[in-house]
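Presented sequentially are two complexes of subunit A, the first with subunit B as partner and the second with subunit C.
Moving on, here comes the complex of A and B:
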């Protein structure tokens, strides 16, 4: 068996690190005979072994970098097939989990020879010297941008050494360096980078994000096991503001409130399910005031310590009073199950919302992890009973 | 009342005439005692000098009218006391000072024991009726005496007791209450505290009453907490403003308050003492738990709490004036002495511009405070039921603000030494701080005075504002107005108030500056009202500016009036008073000019919108949000 064949097999079967020990010996042989050796009909025309990325079992950053190293060491005098190799590598980044790793992108670019692609006159510059290579790196940069990876100054040096000062990849780099830092922190709810992997932390972030409409919102983490008879043992991230509490206190006990969900909120590529406690919308009375009439400016009581505000003829509506309902509270639970939501309601009841003991509560869950609530009258009554 | 006194006087006069022949031959120990009593009684009654208080009819409110561009030129005539009154006042002051300068009173921290002494010198109950042993002084005389009282260290106790507790009884108490409590207060047997502020409550608690009438209708039951009560721990009488009723109208609650007089002995009263920055000022939180108040102890009538407050508070605010006068006066005198003392050849500090300019500023601001205080008291005394709501609030803000500015600039001037805790200057500073914050915070008062003024102006200007807010309906009017107001738009209004006709001729420049301010104020008010209409109540930044302008204009008026009077009648240092008035006016005009210009320009050409934006973000993120200056992004 030829040495290169052996390596192919090793690559396929064992981890790359082991095969690297053999490599120095077989280097020379490999570099001359790649094409011949890949004799399967499809691979025969390929200059590089792009399939090799897919064949690796243990996919991580180390093996990925090893692949690049193999490519470099295989052929360091007359290196060919960079472009194909880079495209193949780019395609497989996500499966190796390295698509957000700047270092990997840099070592991919480093594959290209330095100096060779630098244009020497204006015509070369204008007509895109080595277009395939330039386009390849532009695509690489594009993929970086799509994945939110910001280049650094070292990459600028790399690109300058490969394509010269006038190369298109460098221009692309400059554009990226102009925009990406600006977008990096533009989100009004900036998430930590990297995102925490703990689901509880994610849920806290999500609830925090939703509740930012009311700065007074208090976010509490309950444990469902603190409630007697609860089946689940999980956490509940609950959010309620004083305004919502008072809305719930003033709620008519004959009117039901609904537990609705699960709704989805996305944190980068993670999805968190959340539920809301909602009451039916209140009809909004709008009183037309003549804002032109200044003959009767009401000055509030002079002995107040608060700054004066305009007294309205009707109760002012808060942000929680929406057209389609009054949002009374919000939560995310560990299991998203009906049982955990029931525990949530009990917790809310103990935590300053005594009204919940008397109000009928209807669970209208669209999807459940453990069971789907079907909204029929009998079912509702049952749930009302259990919630009491 | 007076008739009864006169009757009793008449009936007792012959008694004395008869006395000598009847008892000349007998050992008359007992009778002599009786005789002494008679004499004392007689003295007490004969001391009652009937005070004829003829007041002129009420005037339209001065500061409120400024917003309409109406300047009441009578105000430029600085008020004065009659010769007789002044002589009495001088005498009273001498007596009071004799007592107040005794070291055990001057440096006393626990004044409760010394109250008797003060009562004997008739320092308590300055405005109370003479029948109860009070002095029946008017506002001007009271302020002058308060100035003297402010020299002692526990002035807060006296001033609060006097202008809140005693005054409430004097003005609103019925004869029964006066008989029962006022006598005790004036004799120094009791001390009052005024309980107003409550812990911050949410919307729901608006409906929670603090006092309820018991089922038999004979007692009120008081439950609740009152915060920041001055004298709270020493007092045995509390004037409590309690929430007794709520009116519900379309889901929006309004509160009704009632004033009560509560004895500590009624039970259920607990007080917790807190120290403040100023070691001489102590406040307390007072908790009333099921305190039973007999129905006779309602001050005024039920649900009259607000009118009690508006009756008491203007003069209470005014009382900050004399206290601050004493403070700044002491500060200036000490500073002068200090710089003279530490000057050595060749560094004669008192001859340097650095010191001179600052001391000049201090003197000017004290001059302004003084002028304002006595102009306001003059208004209160000379006109029947004069509306001095704004004027007195202005005095409070201006006096305390200037006091704080003065003390902090003095600390700066003195340097490191002044940072010591027991340095006199830092003590003054602490005291001034308390004046700014306690009771009514200045910042809040500023917006409120502007609103009161605007509400007055709005009533008169309504038609105009309606037209200005709907320019398309009133095209010709708008163009006409553009023409008539062309000089105003250039910040160069035509001076047509001719204020200098009412002043000494050499004040013409200064009076024209004042005139400019008043006219600009009117223009700014029109623009401000027409820009926001009813929503003006929410524009706190501009309201604050307007309030500050009102303050400055009122202060200018007071200074100019006073200086002109002094110059005309040739008082000592009159020519320097002219300089003081001029210097105050010049600096005030600058402030008024720029503030009014900001109101006229609106939120986008000023910083208002920026601040709004900055703090909106701050509250959303709940902390100071800019990242550290050393942060890198890549």
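Moving on, here comes the complex of A and C:
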């Protein structure tokens, strides 16, 4: 072989390797997609920007809707990757705080093309025409259901335009529209939707809900700073009904009353701690009479002129006389501290419960739910405090 | 043949093995359901000697139960009068034995979640269904959502472990005396049928709780209960067959993370003549091929 020929071959092979290196780039540039043609950065090579939702710093509804708009504007004619985009969007809803927003769900469904997925014959209907797309929207509807978002009629039109009259997402929608309104307002203790974010308002709602047993209950908001020597400066939502006031008035001053808590009450996903002022349970004395015993029948008319015996009469108990304690008052405070509870007792005392000045008050603030209303003998847990 | 055994037997490299043999999700080959636990293995193997010993112990109790049944048969004195306003208690809490009738389950039992629940007695002798709910989904690539705890009574049975049904035909209300924590719970009445499609028939209704120190007595008419199977509300609804009750349960799973507690005094039944509703949900004929598919 001639040396010149060898040199030529080497040159040729080098040029081939050079070509190979360049090839991928040129290949990319020859892509059909218009998006890929214009910019060659790494992100644009993907059909869908999978991690783009996570990358956004400022997460709110506007930026979320912007993301949908960006997806829509990337390609108007040959738009692809709807399903991947919707799944990525669904996964990130909660971090953007839009998981309870109907408008956002609707604009996500709106991403899909209208008319394209509508089946044209019965076989297509039966075999779930465009199954990935249908399943994706079913999953979206299920996420709505999980988050308690009820669809509206506009969504029905949207789904009908996308999947036709027999689409599976539409069937899911109809099921949702049948069942969800049935239970939306069925709770006997309805709460505002959305719940207020203010803690004081939440505490008021919680105490109001608990005290729905007695419609006469008055809910008062005290300020702990109104009490002299109080350390905390916070609010106290207190609830007491006239019946409870009279129960406390008739309370034996030798018997202690207990301030117990904190107990938990849930308002949807928010929890509120509340405290109870209670006295020892007063078991109802029931006289068990054997109706089969005929040895000593009382005849009320014949030889008995005296009025009925008084000991058989009893005061009827109120709802506050529970079997494990007599509930005298309820409260929730801003700090749930012992000091704020002391202020609460002082406020109650000034607000029509003078008995509290003489009654020994026991603070059992560590008890859990299991000890809701049981007298704890453990001396470590209680701290007897007599007023004055 | 299972893929791994296939590889071992034929001794081929994994790259040559048909990738379709590996399933990333559970596959249902037929409609037929093999066992009523839905594939969850809850059986414990007891050695045969131990089993015989336990069986003989059981025999004593079963004969006792059988005697009682025979006696009742001869007496033939069933409750015939509907007593309006009177609650017949079905399950009452208070003793350790009363807890024996209940089964507590949660999603952490089979590593499908992180919720934990328990059924205990309070200091005042009531049942306390409490625990911690967590909607955290384990990263097993299979579980989609998590977060439930459940209590359920054992299946109604006669002597010698013969399964039977509870007959609640004389009643039209379920009465519960509970003290909750403001959460809502689900009351489940199972009416297990003979065929496998009916195994998971459960009627549900919501038990809303007030929260706070006051007990609440909740009366739920049976007409309000709706049918679901495997947690999916069914398109075709039927009134609850009250003579086919197999078990009763309460579940917590309101998608709120955190501790829950529900004190239960009793679960009872009542006949209220003023409640005449038979079924609360529409029974009209739905268009063909749209519902129940």
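Following the convention adopted for this analysis, the second predicted complex is superposed on the first by the 293 of 388 C-alpha atoms of A that agree within 3 Å, B and C clash if a C-alpha of one lies under 4 Å from a C-alpha of the other, contacts with A are read in each partner's own complex, and residues count from 1 in each chain.
Just so we're on the same page, a residue touches a chain if its C-beta (ideal position, glycine included) is under 8 Å from a C-beta of that chain, and two chains touch if they have at least 3 such contacts.
In this text, all values refer to a predicted model and were calculated from it rather than measured experimentally.
Asks: Output check: A:229 vs subunit B and subunit C. Expected answer is one of first, second, both, neither. What do you get?
Replies: A:229 contacts neither subunit B nor subunit C.
Asks: Quick check for you: in the superposed arrangement, does A:289 touch first (subunit B), second (subunit C), both or neither?
Replies: First partner only, subunit B.
Asks: Just subunit B (first), just subunit C (second), both, or neither: which does A:212 touch?
Replies: Both partners.
Asks: Considering only the touch criterion stated at the top, classify A:266 as touching first (subunit B), second (subunit C), both, or neither.
Replies: Only subunit C is touched by A:266; subunit B is not.
Asks: Just to be sure I read the superposition right, which of the two partners does A:146 touch: subunit B = first, subunit C = second, or both, or neither?
Replies: In the superposition, A:146 touches subunit C alone.
Asks: Please indicate which partner A:276 is in contact with in the superposed arrangement: first for subunit B, second for subunit C, both, or neither.
Replies: The answer is second: A:276 touches subunit C but not subunit B.
Asks: Check whether A:183 is in contact with subunit B, with subunit C, with both or with neither, and answer first, second, both or neither.
Replies: Second partner only.
Asks: With the two structures laid over each other on chain A, which partner does A:249 touch: subunit B (first), subunit C (second), both, or neither?
Replies: First partner only, subunit B.
Asks: Return the residues of subunit A at which the contacts from subunit B and from subunit C coincide.
Replies: On subunit A, the residues that contact subunit B in one structure and subunit C in the other are 212.
Asks: In the complex formed with subunit A, which residues of subunit C make contact?
Replies: 120, 122-124, 128, 130, 145, 179, 181-184, 206, 208, 210-215, 233, 235, 255-261, 263, 281, 289-291, 293
Asks: Touching residues of subunit A toward subunit C in the complex: what are they?
Replies: Touch residues, subunit A against subunit C: 146, 166, 171, 175, 179, 182-183, 186-189, 206, 209-213, 263-269, 271, 274, 276, 278, 319-320, 322-325, 327, 330, 369-374.
Asks: List the residues on subunit B that touch subunit A in their complex, please.
Replies: Interface residues on subunit B, with respect to subunit A: 196-197, 202-204, 250-252, 306, 309-310, 313, 440-441, 444, 447-448, 451-452, 454-455, 458-459, 461-462, 465-466, 469-470, 529, 533-538, 540, 619-620, 622, 633-634.
Asks: Contact residues on subunit A for subunit B in the complex?
Replies: Contacts found on subunit A: 150, 152, 177, 180-181, 184-185, 212, 215, 242, 246, 249, 289-299, 301-315.
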